[in-house]
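Beneath this line is the structure, given in structure tokens, with notes to follow.
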Amino acid sequence: MKLEYQPKIVGFLCNWCSYAGADMAGTSRMSYAPNIRIIRVPCSGRVDPLLVLKCFQRGTDGVLVSGCHPGDCHYNEGNYHARRRFALLRDFLDYLGIARERLRVEWVSASEGQKFAETVASFTAELAELGPRSES
Amino acid sequence: MDSELIHQIGNQARDLLESGTVKGVIGYERASDGLTARPFFAYEPAAVERLIFDETCSYNLVKYLLDKKDEKMAVVVKPCDSRTINLLLNEEQIKRDMVFIIGVTCPGVVETSWNHKGQTLQARCQTCQLSKPLVYDFLAEHEPVERLEGELYLDIQEMETRPVTVRRAFWLEQFERCIRCYACRQVCPGCYCPECFAEQLDPLWMGIRIAPKENELWQTIRTFHLAGRCVGCNECERVCPVDIPLSLLNRKLEKEVKELFAFQAGLNPEELPPFATFKKEEKLGFEE
Amino acid sequence: MKLFTSKDDLIRWLNSLLRERIIVAPVRVQELTVFQPISKVEEIAFDFGNTTLSPKGWFLPPTETLFSVQNNDGQPKLVPAVIEKDAVIFGLHPCDARGIALMDSPFLQEPGDALYRERRARTALIGLACHQAQPECFCTSMGSAPNDPSHVDILLTEVEAGYIVQVVTEKGERLLPKGFVEYKGALPTPPEPQAIPIKEVIPAIRELFNNPYWERLADRCLHCNICAYVCPTCYCFDVRDYSDRGNLERVRSWDSCQSSGFTRIAGGYDLRPTKGARLRQRFYHKLLYFPEQFQDVACVGCGRCIKACPVNIDIREVMSDLQQLEAKSES
Amino acid sequence: MSLDNPFVPYLATLKSAVRLTPDVKLLRVELEDPDIRASFIYKPGQFALLSAFGEGEAPFGIVSSPQHGDSLEFAVRRIGTVTRGLHELEQGDILGVRGPFGNYFPLEDYVGKNIVIIGGGIGMAPLRPVVNRILEQRDDYGKLLIINGARTPQDLVFAPEFQVWVEAPRTKLELTVDRGDEHWGGRVALVPDVVKEVAPSPDNAIAITCGPPIMIRYTLAALRKLGFKDNQIVTTLEAKMKCGMGKCARCNVGDKYVCQDGPVFTLEQISQFLEQP
């Protein structure tokens, strides 16, 4: 049965690094799980917790927030703020019963197509292992 | 009821009103049950006769300063409430010179509801670390107050050890009861957005349905917006008409913020709150 | 007609009712007592002061779908919501039954509110007389009484060894099982809730529209929605569209005249912009506008708002303040 | 709007959407059901609730004239979510209509009187059917003075109709804007100031006004100063509404419900309940 379950992932990718990284994965013809729906954002620092909550509310199995590596933010410090925010949000969601594995933060640069593909693959596998969220 | 304390508060309030230093004094008076306290606004010197102070004065009156920004007000502030003053100063919601703080030492307050006065101190008082307000212009004090040392987060830790599915079920059950009366927001001194996300129509974050999913979104984001800002006055939990254990949410974030960022809201009006700053070297559990 | 039933027979009767219809009854949830549909008769709380929320939510639910918008080959089709099952509300006190009778005025007045009307027609009310008055109760001043059978279909009064059953309407009679014997004794003396002067309030209030009293009272008010949501007669609602994963519905939810966006229109203009104006609206609606429209004061004296208000805005105190203010302005 | 459930709107088709100003569109809609179309009888001043499904419902004055065929016209200013939804509809799209609701301008009572119409911005919309009605039955009424203001010349909602208005007998049109542009040769002044300047006589006159709240407040003051009595001043109010049937208890001004007792009121009816400035 587990094979048939395909988790749905929403990915918020920063325009400058991770979106380009995903693009790199595509143009390099790397294959990765088709479970992710990508939303391009200007910066990982733009990702409001509301956006993440809204995804979970509407039945998403996992949310990926991905931005430039610390130190490389196009806006200098957006991802530092994102890091604090999602460290806390992940703990909090886990406490509310949305397992911490369901919110993933990864730093992916424009040249890391491989890392992006691997991230999606491993996230998908991990979510498949967790199974569907009970209430959706 | 400590009549000496009331005497000191009353005298100070009368002086302030008679001299015209302040437009009004925000304090406590006896509620209509003749037993508990309620907030009271004294605008005339004669009205200070109605001021009281006792173990039923759990209200955090600092919230009211947000409605009175244009006029200088005096406010009665317990040690715990003084953290709210610092919070609002830090966030530039109040001006120090527009507030006269009548600090008061406090032996703790009990759980109250209309016509009911509890016997034991509120949980937050049992672990209160403050013997007097952090900031005040006048201090009404009588007997020295002893501080108790207690374990702050036993209930949170207990919740953390439950399986994630059990926590899920627990919280959904709590949120199902929510009727979205917004009393938790209205009473909260940290909730002062001119337009709350809950009422925003464009973008529409929260649907009109008063139903578990919307309620969960409400309570989750409400709490998260107070991360590193909640001063633990616990007024939200006190006013909740359907007994949602909101302190289990607020104090979870308080605990995490303390552990992750070594920060506690309202202790210092100058210190940057955790989401206004960062440390380049911190990893916070995310691989680089 | 007065009958008698033992508690055991009452339970048996409720069990048989539960087989064919929904029973909404007071149930204890942690420290609260709330009306909700039960799955077993054992869930019913028989001994309670006042429930935390009134039973109005059965007729005007906190949230309900008015109609759904379905896509019919690219053309929208509107499908009204329907009420499918009969119900009984069991255990409501006379004041709450009067609350429902008061809500009938706006909702049944033409054009009738379809969902409300349907629920009302398909729901029978089995009331429970109060054997104790709570400190916040003042029903006798508001046209009701702890043993008032006026607005229920059947009224039960607890006595030693069982319940006196007063059958008030035909609807109630149809629910009744065979075998209840006639009760020949007298009804027990009802408890006496506090009486408050109310007669002079109504004429007084009209003159006080611009009195600073309202802004002063609003100083303390938090403008939460608790008073409106616990009130058995407050019926303000909001209507908006709700969509979730392709399903589109028009939804009605509770709302309160105390909420800040209640009268604010797109563009920002607000008919009642100040806290004082909003708080005044609550009392004016209950004590003046509603009676002007429908005769009765929109308060049944259940005292829930008094008990639940986080800052002790006590409607009895407000009424007495108004009378004093008016007396002062006249002299 | 079925008989069974008054919250269910009639379905209607958008026949055309004409841009009147940068943020106002004139929507012409036709009710789908011919029987309902025939029974949808309204008078100048009444309103309907329009639904943009997915966004919600809001009240709009009906700006067409009842005798002008089967379509209903609404001048909709894009200002919030519902109006955005209505603006985004395209010709042939379906929307919802509930109504007609409310009272109307008692024009038959004004026969023989001089009429002063004072409209500001989109507030001119509900007054348009009044103007049209008077022009159609021109002999029944005395002098007609129209004072119409807007933020800029582009925002004068019914500009294409001005020519017809000024050419009508015994009719005067006074236009004003808050800010002019290079083509504007007319008045730059606030509506209440124009009222003071033009100074219509209160004798045997009725003043009908609609506009933004701040304009209304000062216009009422100006009219009173000119000697208009509160029963000679008529206004139509805008309020947030959720039902249109006096049930949602939201739109009242004092004890008057805008949806049922209004939206048309004389100042006499509501002055005691207007917030003190």
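Going by the order they are written in, the chains are A, B, C and D; count residues from 1 in each one.
The definition used in the following text is that a contact is a pair of C-beta atoms (placed from the backbone, for glycine too) under 8 Å apart; a residue touches a chain by one contact, two chains touch by 3 or more.
All figures in this text were calculated on a predicted structure; none of them were measured in a lab.
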Comparison of A-C and A-B by number of C-beta pairs in contact, larger one:
A-B
In whole angstrom, the CA-centroid distance of chain A from chain C equals 47
In angstrom, rounded to a whole number, how far apart do the mean CA points of chain A and chain B lie?
35
Counting in whole Å, what is the centre-to-centre distance of chain C and chain D, each centre being its mean C-alpha position?
38
Note: chain D sits from chain A at a C-alpha centroid distance in Å of 51
Residue list for chain C, restricted to those that touch at least two other chains
238-241, 243-244
Shared-interface residues of chain D (touching two or more other chains) are 80-81
Within chain B, the set of residues that touch 2 or more other chains is none
Chain pairs in mutual contact under the definition given at the outset:
A-B, A-C, B-C, B-D, C-D
Any idea which chain B residues touch chain D in the complex?
201-202, 204
In their complex, what parts of chain C are in touch with chain B?
29-32, 52-53, 62-63, 135-136, 216, 219-220, 222-226, 229-230, 238-244, 251, 253-254, 256, 259-261, 275, 306-312, 314, 316-317
Using the touch definition up top, name the residues of chain C that touch chain A in the complex.
244-245
Give the list of chain A residues in touch with chain C in this complex.
58-59
Listed in rising order, the residues of chain A that touch chain B in the complex are 49-50, 53-54, 57, 69-71, 77, 80-81, 83-99, 105-107, 134-135
